[in-house]
Amino acid sequence: MAPKKGLLQRLDEGVVIGDGGFVFALEKRGYVKAGPWTPEASVEYPDAVRGLHREFLRAGSDVMQAFTFYASDDKLSNRGNESSQKYTCRGINDAACRIAREVANEGDALVAGGLSQTPTYLSGLGKENTQKEFQRQVDVFVENKVDFLIAEYFEHVEEMEWAIEVCLRSGLPVVASMCIGPKGDLHGKSAGECAVRMAKAGAHVVGINCHFDPFVTLEGLRKMKAALDAEGLKVHLISQPLAYHTPDAHKQGFIDLPEFPFALEPRICTRWDMHKYAREAYELGVRYIGGCCGFEAYHIRAVAEELSKERGRLPKASEKHDMWAGGLKMHTKPWVRSRAGREYWENIQPSSGRPFCSSMSQPDNWGVTAGHDSLKQKTGETSEDEIALLKAKRQKQSSAASNGRVA
Amino acid sequence: MAPKKGLLQRLDEGVVIGDGGFVFALEKRGYVKAGPWTPEASVEYPDAVRGLHREFLRAGSDVMQAFTFYASDDKLSNRGNESSQKYTCRGINDAACRIAREVANEGDALVAGGLSQTPTYLSGLGKENTQKEFQRQVDVFVENKVDFLIAEYFEHVEEMEWAIEVCLRSGLPVVASMCIGPKGDLHGKSAGECAVRMAKAGAHVVGINCHFDPFVTLEGLRKMKAALDAEGLKVHLISQPLAYHTPDAHKQGFIDLPEFPFALEPRICTRWDMHKYAREAYELGVRYIGGCCGFEAYHIRAVAEELSKERGRLPKASEKHDMWAGGLKMHTKPWVRSRAGREYWENIQPSSGRPFCSSMSQPDNWGVTAGHDSLKQKTGETSEDEIALLKAKRQKQSSAASNGRVA
Amino acid sequence: MAPKKGLLQRLDEGVVIGDGGFVFALEKRGYVKAGPWTPEASVEYPDAVRGLHREFLRAGSDVMQAFTFYASDDKLSNRGNESSQKYTCRGINDAACRIAREVANEGDALVAGGLSQTPTYLSGLGKENTQKEFQRQVDVFVENKVDFLIAEYFEHVEEMEWAIEVCLRSGLPVVASMCIGPKGDLHGKSAGECAVRMAKAGAHVVGINCHFDPFVTLEGLRKMKAALDAEGLKVHLISQPLAYHTPDAHKQGFIDLPEFPFALEPRICTRWDMHKYAREAYELGVRYIGGCCGFEAYHIRAVAEELSKERGRLPKASEKHDMWAGGLKMHTKPWVRSRAGREYWENIQPSSGRPFCSSMSQPDNWGVTAGHDSLKQKTGETSEDEIALLKAKRQKQSSAASNGRVA
Amino acid sequence: MAPKKGLLQRLDEGVVIGDGGFVFALEKRGYVKAGPWTPEASVEYPDAVRGLHREFLRAGSDVMQAFTFYASDDKLSNRGNESSQKYTCRGINDAACRIAREVANEGDALVAGGLSQTPTYLSGLGKENTQKEFQRQVDVFVENKVDFLIAEYFEHVEEMEWAIEVCLRSGLPVVASMCIGPKGDLHGKSAGECAVRMAKAGAHVVGINCHFDPFVTLEGLRKMKAALDAEGLKVHLISQPLAYHTPDAHKQGFIDLPEFPFALEPRICTRWDMHKYAREAYELGVRYIGGCCGFEAYHIRAVAEELSKERGRLPKASEKHDMWAGGLKMHTKPWVRSRAGREYWENIQPSSGRPFCSSMSQPDNWGVTAGHDSLKQKTGETSEDEIALLKAKRQKQSSAASNGRVA
């Protein structure tokens, strides 16, 4: 069997489809805890992780990203989380790589090892300490012969530069993706500057993941592309947005929305939203197109279906999904059969069924960022008193917001 | 090991938690085709079916319902579907039972075999033909020693009575559940009359599944209970609603909503909705409490968490979910930590993030029901011409609707 | 000049168009105080009252209803209101009749004197005292030779019967109109029973005004008509609804909505809503078609335009309004000219421009009705302490509501 | 009696409150035709115009702006309008000035004569022709001894400069106000540039009126102020926005919204919105604070009440409105009495009562501006064929919009 083509060759030749979100999907299935969001399920429930990888592979993903999100030692032991002790950083990252490789080899997919931002950085503990956290994960990825590395979910471009530096030592292709929107990073660096700095730091692919919906994310990528073009920098672009509509999010993205993380349901994108997303991303020149939190297999399948002409193939899972709702021709009810077709679904504006809810929210806007005391790493659990103080702060903020804002 | 307690004993002693929806979940995962909605995945992708059963078991389900929805011969071969030929009714039902039993035995769950309404009935082919379809499935269930039978998703109480008659011959406990709302069945029988007729036909448990959201469903159950009480009939009640908000659905339920089945996302219930549902169902006297389409493991877990005092235990999956969002105490951001607690989530009115969408839809209301030509079973595919005619009809109906209605 | 035709003859021969709402319109113009809502402007600012009558006359109203709403002595002196002392019941009612007659004679309109429910009744002071309040107003109406009487805005059919009894003594035609919806009066009497009792008490025209939007009001009238038909009672029907959408109001109508009375703007009906209202009312058999709070001249003109064929004429004010937006053909912008025409406006679903607001509200539902202590008449002002107690009660109620209700 | 203080002195010393919108208010009352929107009512129905002036005077307006909007000869004869022939430009402007002066002298108000943009300019007929139109109106204003001039409702700063030039010849103070938003004028000039050019052209007061809601308008004024400050230009600012919420309007403002002009009801601002508007405008440094289309007397009163401390007085109409809903203490129902107070109303998010409507609209965006053929002045009526062509264009545009946009 011929060796698989590498990431950069694939991007030069066409579109690479990423996968979707693991932590949100596995949280709903009962295998990940919201709050810490750490990925010890790779050790505890490998079948569940494997099953989810398979769904994405069938849906058209060209990349199996090992389930190592937030799997740095400092995160695994933050605020009362005991994952680090029970499973170790090495154990979790190693298990995740093996599962990803197993499923990748059931098709033609590549395996990526993933890093994300660290509590160490947020606590202001400096470059050396932060890079140690990254290095420990990268060591495991190299041992497991992953095909490339993704440094993703960074809110500060400075920490991202440190991550890229560590990743490049591996000799593998490096993808760098920040969780920012059109307004830039949390230290006030513009989206354009972030892109330029990631490219100059040596990343082969740069872009955005998480925190914003597909269309807000593409606005950010438009700014990134303009800045890269202005500097004459040639790198590929990656887009892996949320599958939640966030027109009302501010700079910090969906984390600030009052619905995060347990009442985001009404914001979930439809498969038709993803057709539009895939088309717009492709037209903008993005070639690594995937998703993040909320993106499920059927969202990825929609991306793959939209780009099936460009890619010359449909994904395996389309055996269970005739393009543009064609399967409805087999429905029992005639009025549902009449919904079979592109025009109907392309134009639908779906109702929420929630007449007592508004369409947009006022995000929290606490204005705290890296270095602030409340963001520092802490091994012990948060106490009830600390929570009480935070709730009081919430109360105060939301009165202020409501007085200063007209609807 | 002691034999498991039976369904009726469990219902007499406390609450039985059902499972969630298979066809919608597996459609999103890429293993079921929307339109025909038939369950050949039990043969084709047993791991995927098994994985979903396990999620529900972990979440607290006391019943593993074999994935045999719509697995009657006539449905498997309706309108161009080739499932019947490739896998046979017997093959699919048998595989489904074996998977359900395997997972049920990983815990203390029971196995149920399930029947649903048939194209044969809708085509007006009479009692004898309809009952033959049922009998073929029941034979497989009996061979597989399921613990009880569920006749569910019936729109006409007459067909339900025929199904109950077949089921009773097995000697197993029989659950009878119609997909109706407070306005009754599609032949104009009230919800109360439906309940009374199911009970008089011999069903041990009667109630409602699918087609409406939890709160509309409970309105229907309130009417059923009142009618049963008025007749002095003692049977248990079952509730297995959608996890989609449907305040705007008419008599035919969510199938009539323009968003069915590919744009229902903004209607998805939160876990907090399910806390309220479980509490209201329990207070009404419903003892078999589960879900149907859209219900995922985390919704079932919310039911189990709400009733944890009554049941004396939490489900296994609560190891990954501290009650009332307690896990958020471990979140990195202080304003998210401030959301840890019951009051915050119990009162949230989540926004849709969709300012261009309304909160309610005008359902299709074609007024066709059993016996109508357009509902008749048909082995061949629906032609493009037939679809064009249906689309023209849609166009006409929706102008009429918009003229007759003020918003 | 031939004498004008009387009300009953007009109703027998065709449609009578009522006027709109005075208190809400004059409140916005600065001549009526919300809270007491009493009509001393008839004495203080006769030009303003005359101007508003003229708008309705031009718009097509066949009735000038003297601005005597809530002009009974007990209301004029309730809770710190000093209108009674300053202007007297007699003074206000007399001035109002004279203004109404002046404008009526500028066209072919009739003059009506109006009574409404009394604090005396709500305070439980009995039939004799309540009827005294009515009699004082009727005396003035008779002296002023009004053409007929309207007893309107009654929440309890018992008080209405007492009012009809007083009105009938005058020998004038009597219209009886309650501010109820399809769920009936506040003592639990059904809408049908209310209609029957009003007709049996001798009213010549019965129906509904205020408290609900046009479409909810017509639902109530459907019930009234069915009950009257069942009893073989032949009376005319009157409909004078709000011009505010109230799909979410409960039994007490818009007063319970949190937006009452100072944030009802997003609920205001368009002129196109009134076309539909007029058509539906006419088809139901209602022949006295007007409006109440929120109904402005352009709403009445829309009623008159919709029924222009039946009436054989357009109202005077249509000189400034070509039917179905025809005037837009003269607009400067071409895309606005493209909106000239019936299809565009008949089908519009207007947006609120308020993405932070929901589409429906949870009404207050305090469950207090006639006889309850908090409803009793009181001459002195409400103290700050009393208001503080009421606010605390509000706080408690709204937490309860939010816990018991899912959106 | 001492002569009244002039505009500029008043602005130097404090706040000047403008009036509200005449064309929209009088359209609803039956005295102005939507489409042409011309002000011949000053001749035809002087009582109606006088009545509206009085409402604003009572509400706190310091300026009676003569009802001369769009009263240039070319507009009075555009597209089949016969106002010019019947009443003449001179006749209308003269009558309007006399009415305004009469009411102004009932209080301490000033009289302003108003100019607006012309079809002559839109038709590309050049500076000389355009200025002739302005001159004819200014001549009448000077004869009538108005206190100052307002050039308002200009979409192009170039035409505004021509208007200012004409106005300055009169020797009167000149207010210059464009109907633009934060995105600037229709020829692509930024809001800041517009402000600077108006100031440099000699206007004494510059700012924005119409087309956008209060809060979008203030965004535009923020940009104007920044540009003026940067140039060291000292002029006063004026703000006279719509009373319709327009968060979804694009560059051309509310005219592009599908609801314009006959379904704007759900967008109407509450009085509480106006409290916030007045406060924000004042804090920004705006000293001429009024309103435009949709602004009724109660909106102006809210502005005057909010600024009552700064002005040292309440308006006359506050005799009918206790601050912050205090009048509700006299309401019959206890739950309405509990709504008396600032906190309740300041925080209300009013529902629309329209569950079938969305919260935002997609504006028309035809991209035609001054000079485009479809915008040219035309004396004859628009033919049915022309309208049919425009409707076809609408159809095409709105499909395109819906395909290119995700909600």
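Lettered A, B, C and D in written order, each chain numbered from 1.
Methods note: contacts are C-beta pairs under 8 Å (C-beta built on N, C-alpha and C of every residue); 3 or more make two chains touch, one makes a residue touch a chain.
Worth saying up front: this structure is predicted, and the values here are computed from it rather than measured.
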Query - Reference chain D; chain at largest CA-centroid distance - result: B
Report task. Select, from A-D and A-B, the pair of chains that is joined by more C-beta pairs in contact. Result -> A-B
**Report entry** Distance from the mean Cα position of chain D to that of chain A, given in whole angstrom
**Finding:** 47
**Report entry** Centre-of-Cα separation between chain C and chain A, whole angstrom
**Finding:** 56
Query - Length of the line joining the C-alpha centres of chain A and chain B, rounded to whole Å - result: 32
Query raised in the report: Out of chain B, which residues touch more than one other chain, so two or more?
Result: 248, 349, 354-361, 407
Report task. Using the touch rule from the top, collect the residues of chain A that touch chain D in their complex. Result -> 214-215, 273, 276-277, 346-347, 349, 355, 358-360, 402-403, 406-407
Report summary line: Note: in the complex, chain C contacts chain D through residues 27-36, 47-48, 51, 54-55, 58-59, 78-81, 119, 122, 213, 244-248, 255-272, 296-298, 301, 316-317, 320-322, 325-341, 345, 348-361, 364, 366, 368, 374-375, 381-382, 386-387, 390-391, 393-394, 397
**Report entry** Contacting residues of chain C [partner chain A, same complex]
**Finding:** 248, 354-362, 405, 407
